[in-house]
Amino acid sequence: MNRVNEFAFKIATANGSGSASANSLIMQAIFRMGVPVTGKNVFPSNIQGLPTWYEIRVSGKGYTARTPQFDLMVALNPATYEKDVKEVQPGGWLLHDSTWPLDERLHRSDITLIGIPLAQMCNDHFSGVRERILMKNIAYAGALSALLGIDADIIRTLLKEKYGRKPALMDSNQKAVDLGFTYAMSNFPCPLPIHLAPLDKTKDAILIDGNTAAALGCVYAGATVGAWYPITPSTSMMEAFKRFCLKYRRDTESGTNRFAILQAEDELSAIGMVIGANWAGARSFTPTSGPGISLMNEFLGLAYYAEIPAVVFDVQRTGPSTGMPTRTQQCDLMMCAYASHGDTKHICLYPSDPREAFEFAVKAFDLAERYQTPVFVLTDLDIGMNDWMVPMLQWDDSYRPDRGKVLTAEQLAEAKAFYRYLDVDGDGIAARSLPGTHPKGAYFARGSGHNKFGGYTEDAEEYTEVVDRIARKVNGARRAVPAPVTQGPGNARLGILTVGGCHAACMEAVDQLAAEGIVVDYMRVRGFPFGEEVTAFLEKHETVFVVEQNRDGQLRSLLTLETGVPVARMESVRYYGGYPMSAHHVIAGIRARLEKVA
Amino acid sequence: MNRVNEFAFKIATANGSGSASANSLIMQAIFRMGVPVTGKNVFPSNIQGLPTWYEIRVSGKGYTARTPQFDLMVALNPATYEKDVKEVQPGGWLLHDSTWPLDERLHRSDITLIGIPLAQMCNDHFSGVRERILMKNIAYAGALSALLGIDADIIRTLLKEKYGRKPALMDSNQKAVDLGFTYAMSNFPCPLPIHLAPLDKTKDAILIDGNTAAALGCVYAGATVGAWYPITPSTSMMEAFKRFCLKYRRDTESGTNRFAILQAEDELSAIGMVIGANWAGARSFTPTSGPGISLMNEFLGLAYYAEIPAVVFDVQRTGPSTGMPTRTQQCDLMMCAYASHGDTKHICLYPSDPREAFEFAVKAFDLAERYQTPVFVLTDLDIGMNDWMVPMLQWDDSYRPDRGKVLTAEQLAEAKAFYRYLDVDGDGIAARSLPGTHPKGAYFARGSGHNKFGGYTEDAEEYTEVVDRIARKVNGARRAVPAPVTQGPGNARLGILTVGGCHAACMEAVDQLAAEGIVVDYMRVRGFPFGEEVTAFLEKHETVFVVEQNRDGQLRSLLTLETGVPVARMESVRYYGGYPMSAHHVIAGIRARLEKVA
Amino acid sequence: MTYIAKPRVHHPALQKNEIGLTRRDYEGTVTTLCAGCGHDSITAAIIHAFWELSIPPHTVAKLSGIGCSSKTPAYFLKEAHGFNSVHGRMPSLVTGANAANGAITYIGVSGDGDSLSIGLGQLCHAIRRNVNVLYVLENNGVYGLTKGQFSASADPGSLSKRGEPNTMEAIDGCLMALTLGATFVARSFSGDKAQLVPLLKAGLKHKGFAFIDVISPCVTFNDHEGSTKSYAYTRENTVEVVQADFIAPAKAITTEYDPGAVREVTMHDGSTVRLRKVADDYDPADRDRAYHYIRKKHAEGEVVTGLLYISTDSKDMQAQNSLGATPLVQLPYEQLCPGSAELAKLQQQFR
Amino acid sequence: MTYIAKPRVHHPALQKNEIGLTRRDYEGTVTTLCAGCGHDSITAAIIHAFWELSIPPHTVAKLSGIGCSSKTPAYFLKEAHGFNSVHGRMPSLVTGANAANGAITYIGVSGDGDSLSIGLGQLCHAIRRNVNVLYVLENNGVYGLTKGQFSASADPGSLSKRGEPNTMEAIDGCLMALTLGATFVARSFSGDKAQLVPLLKAGLKHKGFAFIDVISPCVTFNDHEGSTKSYAYTRENTVEVVQADFIAPAKAITTEYDPGAVREVTMHDGSTVRLRKVADDYDPADRDRAYHYIRKKHAEGEVVTGLLYISTDSKDMQAQNSLGATPLVQLPYEQLCPGSAELAKLQQQFR
């Protein structure tokens, strides 16, 4: 394999040590060189001191999935030396701080050691604990710049953009970069065989995380009320929403806001606020993660049955229970689809990357209001918190929110009578009215038994009529959720079906399989309830590999339940250790099954 | 059809009017005549004034399912006359209070009217509003005694048992009975063609509701801590538990209790108390209904992952959301099986009647402790709150609680080391220790990532090892849950598979189908995860009718997911209007499908 | 306190208010509560208060949790949007609705179980946020709808239907609200319409969270003072006999008395509550004094009623969130979406 | 208050207590909190208190919710059962455990987010039940673990990491507890071991709910007094530069001062908190006086510390439930099961 622009490296530090700036400096510089790059932040559920890693994959071919195979390890955390050194690919490199004598655990005959006296250099050139620690990080960035051929000018430019207004900081950062750069240059054969060469593959792209993109989607969708309770890995979404709102929705003259962000006391309250705001007519949403959804179950059933829109972002993390809050999984697929007691079913959207997170955020509000029901957008820690290279976000200025059937004061005034749950159009969707609009619009929303006129009932037929219509309504959304993405000849014997962030790994796996002569058709579902094309795909292929990130094969469960296709027709390929899915896992899973069959 | 000992009647009154005593007097008297009888209380979510009904079915053949076909209606509530009169079978009877002129809505040419001046009689013979209203109820019981041939001596005996110590009350009640009895005798041809004749089919039976029986099961299982938050239709279970505990577990001398009942501030707290108590080593449980389970989702995931026993009774009611709190459904099957975010799966037990509610309550504690995980006992409003005729409860005095693997102080003292999550025996079950036992028994229970030694982890392999074991453990319970009940030749083309309280209706339907020459095999599942015999049953039959009481076919969903048998092999027969399932619904459902197929 | 004037008395039911509506126009569907339930008296007072204030019914939103009390919004203002939600979580709904549309008059109705047991956290936090809503806690010391279990406001020592004593301290919603910095705290009695109506009106006009704890006897399960005698009587003579399903028709308890005075009110079960109405010269501007006064009178066996505390200069949630005069729901989409050009510009940051 | 004596000073770390254990025997695993976190100081005080009381570690159970504070039970008493549960719901777990086994010494550790936001309802109800537990609220005014959002104890006007002011009233856990009828209410400061250790000991010995609010500075996100200057400084010089992921190593704040005195303590961000220690002659037996005193001093900008209120004659949950000396978990099954004969007899009722 050509290693120029095709390699991966990993930086091991301690949490809270300030390495994030250095890591994103490196990422950004590579990106500016026009070379596709992905970064995965592997951090602990801790504020200071526990091990943290940053993984950078460079792929001129444009592969963005995580790879578990690292050519270079920057091992700066003694607590994880042993583990870290094991992860280097044979023939690879290990960069360590040679200020101290070499730790025994760093010995491996099949890799090359690169010792750089980072601490020593920084102690010599900087004063004060804080600066010394901080600059050590920037120094390793400088060294990597030399070793990997990252354009030094670009780094300089990036530092200027960042610290332009603070010359002193600019100077010390540049000095630290130079220290690392120069030391590497003079002591090692730079660049290494794994290195960068400028390309032009990033000019229409951006580096963005899914939480930021989803928050932007909420802004563009016209959402005005955000309610939340902090929980990793969703927290940064509301922080981004606030940032954007302060930028775009604040009338500085009058000092008034065209948004409200409510930090609730818990998730029960957050979803209550969202339902209340939507009932009152605002587009309102809440970002959360698994434990939050669990707590929202009761309220979600209310919104489903009383038919009130609500948009919930579930940035999934490793379950069950508190699980591993800083590791990724797709483990809430079942819970979101059927949340709450009683018979329920909810619309779900599954973005595969930050760009879709942006688009589906907008879509979610349209669907929630059109179908008057909760809509989930399921991302995960990997999509939500990591920086992904995606095509620039597009916006069509002709877009106007689909508010669904909301009666105006005029319509209500003209109407003979208004009955909240009457299916006038035969599509299962009854018109709603908003508080304060018109006396005739009044109705009494309730989660208890009601008939189609909105009256309280305990009558079997009246009750059944309404819940049957709601089932029809939600099932109807299968035609409105984003259609699956497909690829392949269409008539292959094998299929791969996946969801969300597994996309990148699957695409890479499809290419690798093709290289081995194994042709597969590919489908990625993007919405629930599933459309008919999903059933068709499953029925058409002898074997479909269902690729997902959870222990119990939840996507496969949903497929079985909703398409009727027997489980046996699906081969489950799962990885759920908490890292993002990689092509490696997909291929290994498929190979194991193919061998089993053969 | 012979109408002696085979008929049904219904009494329509207003809630809070005191008719319940009269209705149970009638039930009990029939039971004492040795004739199988069932009562269904159809009551509103209200305290006073809204319509309420009591349905009594008499079946010498022993059918206990609800029938929607009433031969006699006692229409005492003007608010529901219209509806009530419609429900009488052609050729049937309508008893009304002839104190007032006949309401027009009571006219129907194909039924016979029986007017009895109940109010008038009671006004004439009793004084005071309270007594007059109360005695009106007893008076209609007297009339029914004459009309249906209910043994007057038995009624007298029952009144004596009840009011023996209060002669005044005894007298007025007897007087009211006599008033109704005499009036009916002198004005109508008594008994009607539908009437009772003594049998000897109830001598080894009792009349009991499922909540009482389940509470008794908890007492016999040795449960000591009950935590709860009131919710219909589960409330009476804790009330019964308290009653029994005060009777059996109170040391009157010292004034101390051998139980603790904690009325929590909500269901989140109730399940927390249960988990806390079980963690500390007590058998502890909570009764609730759908909304409660929704609220317990987060805590249930904790118990699953930290492996703490917990017993939850879900007395299901009509969902979604608040739904119809006083109507029955089996609509939490899916939620209980997979409650909480992340990958989870829970042991569920499905009693079909109060007797099994008693037995499975005991079983639930054994399984919860053996598997160190939450166990659900799913009954419903019909089983929980209605009086069922069931064989007398049996108890084997040699029973001792299966505490599972709990290490004693001695075992801990001897052990080299204790690791909470280490699968020493290879059965997926690690030994636990209780607080206060021994210094070596200490471990740190947590819902966050942990390794098999009980240490905190964010490591993929360590995490995976534990969750995989837990999956194995819970799946292993398929061999320990109560085996399905089966009936039929075993080689029929058609099968009926059902769960819980549908049993009675299905058994009746099986007989009716047999009478039409349609032979079916029958299976009722009693526990989840399903054992292999369930898969075998599904695979063996050309078509299996899955009979259940919810809109979305949740039992069928569980069957598909867990056995892999395609949905298409199962025909769904559902009724979910809120009344208990009747043979009528089962037959109609099956017939519709058979015709569709034919 | 200028807006708490005594209600004008002797309105014929069809008299019109300033916007030409009669009291009938402020009614809802027919109650399904027990005859004599205190909650129905509160409903009547609410109807009266809205009518007197001439608030157009459709500009009101009425929300509740679950319970007998929470059913009552169906019984007033049929032209207002209503929301009978889930148990104990109405405060969050009203908070969200308020953020979305501050131009609506919000009234929340709850019970002591709904507010002080399952809903305690949400209530406290809505108070803390100073959400602009009139919050009426219909306090009967029991869970009415689930048939008489103790709620968190049940007095220690009071007896349940079955004769078991409550062993725990009662939560006093007013003391709680004062401690949390509530900006309007009042207590009244369902049967004292003369006091209740003006308090409701004041609460509706208050900009912020107006908390009114209304003692509201439950005909059926009430045992407010725990007078053993009366309960024992009931148990002996009624409960056992009719298997507890007979609810004797009763009359709502009413009372009228003067500010500053004490009135002993007899509950349906024969027990009594001693109400003390704050005197005309009571100054509701001192939070600490109010707290102290309630505690002191409580120790003397009296329940203080009246407007206990009010702060008129505090910011409500709308103001704290810098929301403008136009409610969020009325902002045109154009004012919310930054547009494609801005998106392109913004994305330069992400390169 | 005889059991709140000043701790004996100058113990060498390996000195043995009455049951022959050293302080080391009361330690747990190594902390993973930020260097200088107040919570670690509290951990040290807890270790000290248990050691001084010579409580066998394995007879203790330590429970917590979720948060930095809630991690700390791992750092003390490794021989005690621990339970790091879910966010805000530890009070119910400890309640259940306590009912099951009252022979264990329970300590619950929580944070202000855990206790006053998501967990407010459970905390209030556990107080009301008077569950026998020492409840330590490690109060830093922020959500540490989720990186610095305001908690419900954040002072109004204080600034967030991003410089936005908190607009809401702070919930004062001690006032809340007093209002709810708590039987033991104290406040202390993480850095004041001389005060904290005896308070913890008193709380452990108290039969009932012992609530201790411990102000515990968060090195990383703390902004207790909201001194704009210090935060502006931090923002300019640190946060932007390192994208907020650099946590400067810091020292824990300690202070020692005399009863009755006031001490100004400087927090990590440069802001200050004025602590007032109750005087030796302060009488903690008067609930209303305690409430009043806290409020008064608060108005003067002071945070009162010390044992604020104690009631020694109230019944804890065990007593209220008439539980005997033998814990429920130790009752032999034979004492719990009525047996088959009784079942047969009972069933005569069901005929």
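Annotations
Every chain is named by a letter (A, B, C and D) in the order it is written, and numbering of its residues begins at 1.
By our rule, a contact is a pair of C-beta atoms (placed from the backbone, for glycine too) under 8 Å apart; a residue touches a chain by one contact, two chains touch by 3 or more.
Keep in mind it's a predicted model, so treat the numbers as computed, not measured.
Annotation of chain A and chain B: jointly contacted by C, D, touch as defined at the top.
In terms of C-beta pairs in contact, the better-connected of the chain pairs A-D and A-C is A-C. Per-chain Cα centroids separate chain B from chain C by 37 Å.
As a whole-number value, the distance joining the C-alpha centres of chain A and chain C reads 43 Å. Our note on geometry: chain C versus chain D, Cα centroid distance of 34 Å, whole angstroms.
Annotation for chain B: residues touching 2 or more other chains are 45, 265-266, 291, 298, 302, 306, 321-322, 446-448. For chain C, residues that reach two or more other chains under the stated contact definition are 86, 117-118, 120-121, 125, 129, 152, 321.
Taken as a contact graph, the chains are fully connected, with every chain touching every other chain. Note for the complex: chain D touches chain B at residues 56-59, 61, 63, 73-74, 78-86, 89, 91-101, 103-104, 121-122, 125, 129, 321-324, 328-329, 331, 333, 335-340, 342-344, 346-347, 350-351. Looking at the complex, you find that chain A touches chain D at residues 15-21, 24, 45-50, 129-130, 133-134, 163, 169, 229-232, 235, 263, 265-267, 291, 321-322.
On the chain B side of its complex with chain D, the touching residues are 28, 31-32, 202, 205-208, 212, 216, 219-220, 222, 224-225, 227, 248-251, 254-262, 264-266, 268-282, 284, 298-299, 302, 306, 392-397, 399-401, 433-448, 456.
The touching residues of chain B, counted against chain A in their complex, run 44-45, 290-291, 293-295, 297-298, 301-302, 304-306, 318-327, 329, 331-332, 334-335, 338, 340-345, 446-449, 458, 460-461, 463-464, 467-468, 471, 550-552, 554, 557, 560-561, 564-568, 576-579. Within the complex, the chain C residues that touch chain D are 117-121, 124-125, 128-130, 152, 167-169, 171-172, 175-176, 179-181, 288, 291-292, 295-296, 315, 320-321.
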